[in-house]
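Below you'll find the structures, each written out as structure tokens.
Heads up, the next two complexes both have chain A, just with different partners, chain B and then chain C.
For the complex of A and B:
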């Protein structure tokens, strides 16, 4: 008992158990829901959210009420820029991705500078940026989304080319592993946790607080754009609001994964599991043919319930 | 002033903050119609004793008798109901509210929960009028934010007067006032005395004490050591009572460090600082003494680039840009800040990260850390400083005050600093850890570092310092060297400097 209980208090373990439980329930209610094919499919959908949640995790860890409300529209803009550049041509994948990442980096830079130089609270700054990027999308597209994903990108997401799995899952795994290493094994990671825990103590330890903060928001926009590009590989056609709805789930995934909203404690593994929980929950509720309003209510209730459980325990996880 | 039945009697007051016993069986008796001074060196517990009576500090044990009745005072509100009001140097005003709203805050007149500005204006009019000679043209509707610090302090005093207190506690309430403002406050205090109130007057300024007080209670290390009639006692005797029989503090007698000047400061000014000059050699431990709050912490923070200041600072002959803690740290300056919880440590993070954070970039290769090097670096400090920990992975918040402070020292020792700034480094640590921290400080000096240390305890300065600079209102006003450094000399220097210079550098223009 004494050895089991501490593990059960780890939010990552709790979230993972919930994911497994949801799949099991789905399998009982609707045979086929828990089939390997169906699970791979759900993971594939979870990967877009999971990649966007990488940046959101970094921003939340940076503390100072860190949050990025612009990730959804930045992902959409990234998808639009990339897919218009590709226009269905494999040769244009690299320029398309680079263009999307470049623009995203500028957006993240603007977010970061607004927060550290103009002292605008992250919530307000990124909310404003959400509007600005929405406007940019209209300017770029003239209100007409006509980008098409290149075939190679489509098969990366929709094919089963790598050991029978979609390549995007491997991409997600690599990105997730890389960010985990960055958080745990680099100067940047140590400084990110430091500023998230106490900006004042970090500053008085010689940490370049402003530079680390700006970097966090740049990374957030970069991963948002990558998530958007993956998503357009899935849908093949781009839409004007393709990834807009992923902002709140990306925050929810971070929170479900046990990262402290105040910053400084947590990690990406939890957020990845959180993304899976949210995706499985949505699939399950859809499979059960629940009306949309009921799905939204259930998702909200699950989030609040988890936070209530986590709120009772404030342990350190590095 | 014959004391028939005392209006206020506190006895057996105990209060412990963590490892520090702030009050140990302290007592105080004051009669109605008396101005009663509360005296003691830094950290003697006089403010804490006042706050016990004002209900803002909950004592571990205390007996409080007010007008013959035994009472319990659990909150400032309870104190207000009993007719006890307090004014501190730290203001309790709401800057965005008006003068009038602040005056009635907590006792707003009105009906059925609706406020009545007219009733409030009627109520505060006499108090505002009484303060007018010193307050100037301040109206009911003026925002407190727009007032000068001295005027705000007077509004704070007005707020206490409005409650028509039987017992008024003035805790350093005159520190930010001009001479004529102080005179008015003294007039008001004397009127209250005529009206039969008891006034408890806490001040560092000996001349104010001798001018105003009838009797005084003297505290030392949380214990009441004397009660004395002020007119019958000379200032020298008061200082002697505060310091006590001079106990021989163990001093490390060392040859004066003869090396070259490592830290050179010229005309450092800004905020609370008004032109500080300082030369310190390698291996030298320089103390910052004086009354608390005379710019000691600000001096250390300014040298570390953590608060805005202008002036010339050189380390080993190289100029230091006072731009940020980062640029200071690069020049080999380290700071152990005054508030361990919010400034010194990353509470939720592991001990290893807390030890590593200041020196982490130097151990990394292209930004990547070696798990082994990180662990070894942290472990080397745990061993060298004898930090008692469970595991390097435990959060630093699991450590005692002394061990957490050693981690803060270790964090900077890993950067091999040439100038070490210490802001009250043994605050809230127990006696054993204190001795170990002194050993660390001496070790730093022996290895050639320059140490500048601020302390709220004079005894600490006597114990570790080669030289003490006594600060007053943001400037160095006296220097004690070697055997001159005694507790008595420190207290005398701190108190005497203040005489006659009151209000010189504060007041309206400071807004």
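For the complex of A and C:
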């Protein structure tokens, strides 16, 4: 790795190459896997994870052991709230989405305040929040999920209305582009990288560390809810555990994309590519008729392998 | 090699004594409040049957909390503890096939599975030097996938001797209480051993431990293996309680064990605290859900209330815990 052309050391490039490689392998093993239709389909599925990974990227970038273990359940809750409000009616899309985002923002705010004001470590706070949100889901639904996505939302995700592409891909592209701009070109972005690199240095330079940290967790919950809403457009029906399993992949996507788990280094483009890699991998395993247990195991193995490449901590003594 | 002549981590000992005291007070106070409230709301908790069945339901969480405590004191973290419990319990169920004669084999299988899982975690964290949080989150995925392979759907029969022993009492003291006491005593006896002192030194300050010739990597590895073995036992306790296997039980236990450790006054940065605190923490959390149960909360609200209690307990311990000095 160390002697090759510098561009090959860029994690984003490596991840993109892995995605292409996986698609090629799939195409060889199962003709049709690499067809344009199939690729668009995989991108569509990747968009849910990709949108959730936006928030996870922001939180990880904010440093201080930042991580959000509640994104999966928050996405599920968002999907449940939105789809129950819509109940299959286009007119109710906006209220449904706003309700989901509003509740998600409160959850993110609680996460952020617990972390900065009570000094609870992020993983403990968000793990605890996972329990709370899981309970909230039971309270809202009474244990029975009965929401239905509005037709317009369904066609946004499942149709091919925009230049022959599903609208959700455009949404993902716009959100991803906006986030990249915010991270690279705005004061908030600069502050986020600053606190991720060194909280102390950032504080001494006049960065409102606490406010930026809280915003990061609010954004994380917001994007999680958006991802959940997109997902319910795909599945049309809502389930009590719709997006619960996306937490680990969202972290994996961030790691694959080369964002340092210690914070301060990285960006969203990598996470987006990471989401694509993971989705292609999952569909490849599905196409190869791997049972569910094997897919779960492979996910864990892949994350550990990737961490071993990118995320090793320094030795005690070199 | 002059570093070798330095006394073993003296500064962390001072710092430890001082902070343990604060945290233990908060834990003890919470424990008293929880016990009093639970008994006031449900007086039959004090009957022998009440004590026996309460402790029986607490036991898995208590054991996982102790397992988590050892890793956390060693400076690590194990988000896969719940998945290890699930995997070792389903392995044990499949091995025993409901036959009493195979109970010992089941015990060995459960502990062996736990040790194997702990070895994987230990290797990944100590040799590959991956961040424990994400690495064990990933290994949890591996273990729960394997649990699904071993037992795809909840079921299987647990030998009667296991469920029976679990309900037994020796000299009117319920087995489940004896087991909790045995775990606590086991820690008190073993805490002075070299391995456990090394684990604590590693968690307190890896660089200082390294300079004092503590085998840091081996200690980290040992903490995960030990923790895995105890999680394996917890898997058996789950079986004794439920009477059948379930590949999906793990999820709540990871959160519960971390919460119990925090409530028990163990610093997540490592080196500080004792598994006995974690036992208290686990009992506090379990009692709070008993309390929620007895105030007649509707079923659908219980999970939310339990989650809020965990957050409140975390917040309280965070307020009571000593601040990081750096």
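Quick note on the criterion: the second predicted complex is superposed on the first by the 306 of 318 C-alpha atoms of A that agree within 3 Å, B and C clash if a C-alpha of one lies under 4 Å from a C-alpha of the other, contacts with A are read in each partner's own complex, and residues count from 1 in each chain.
As a convention for this text, contacts are C-beta pairs under 8 Å (C-beta built on N, C-alpha and C of every residue); 3 or more make two chains touch, one makes a residue touch a chain.
Predicted model only: the values in this text are computed from it and were never measured.
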Scan A:190 for contacts with chain B and chain C and give back first, second, both or neither.
first
On the A-aligned overlay, A:131 touches which partner chain: chain B = first, chain C = second, or both, or neither?
second
Of the partners chain B and chain C, which touch A:205 in the superposed model: first, second, both, neither?
first
Using the touch definition from the top, say if A:264 reaches chain B (first), chain C (second), both or neither.
first
First (chain B), second (chain C), both or neither touched by A:163
neither
Counting touched residues of chain A, say whether chain B or chain C comes out ahead.
C
Would you sort A:289 into first (chain B), second (chain C), both or neither based on which partner it touches?
neither
Using the superposition described at the top, list the residues of chain A that contact chain B and also contact chain C.
316
Can you tell me which positions in chain B touch chain A when the two form their complex?
304, 306, 324-326, 328-330, 335, 337, 342-350, 353, 356-358, 360-361, 364, 367-369, 371, 393, 395, 411, 415
Within their complex, chain A touches chain C through residues 65, 67, 69, 114, 118-121, 123-125, 127-136, 138-139, 142-143, 248, 251-252, 255, 261, 291-301, 303-304, 307-308, 311-317
State the interface residues of chain A toward chain B in the complex, per the touch definition above.
185-188, 190-191, 193-194, 197-198, 200-208, 260, 264-265, 316, 318
Seen from chain C, its contact residues with chain A in the complex are 77, 79, 124, 128-131, 133-135, 137-149, 152, 206-207, 210, 216, 252, 254-255, 258-259, 262, 268, 299-308, 310-311, 314-315, 318-319, 323
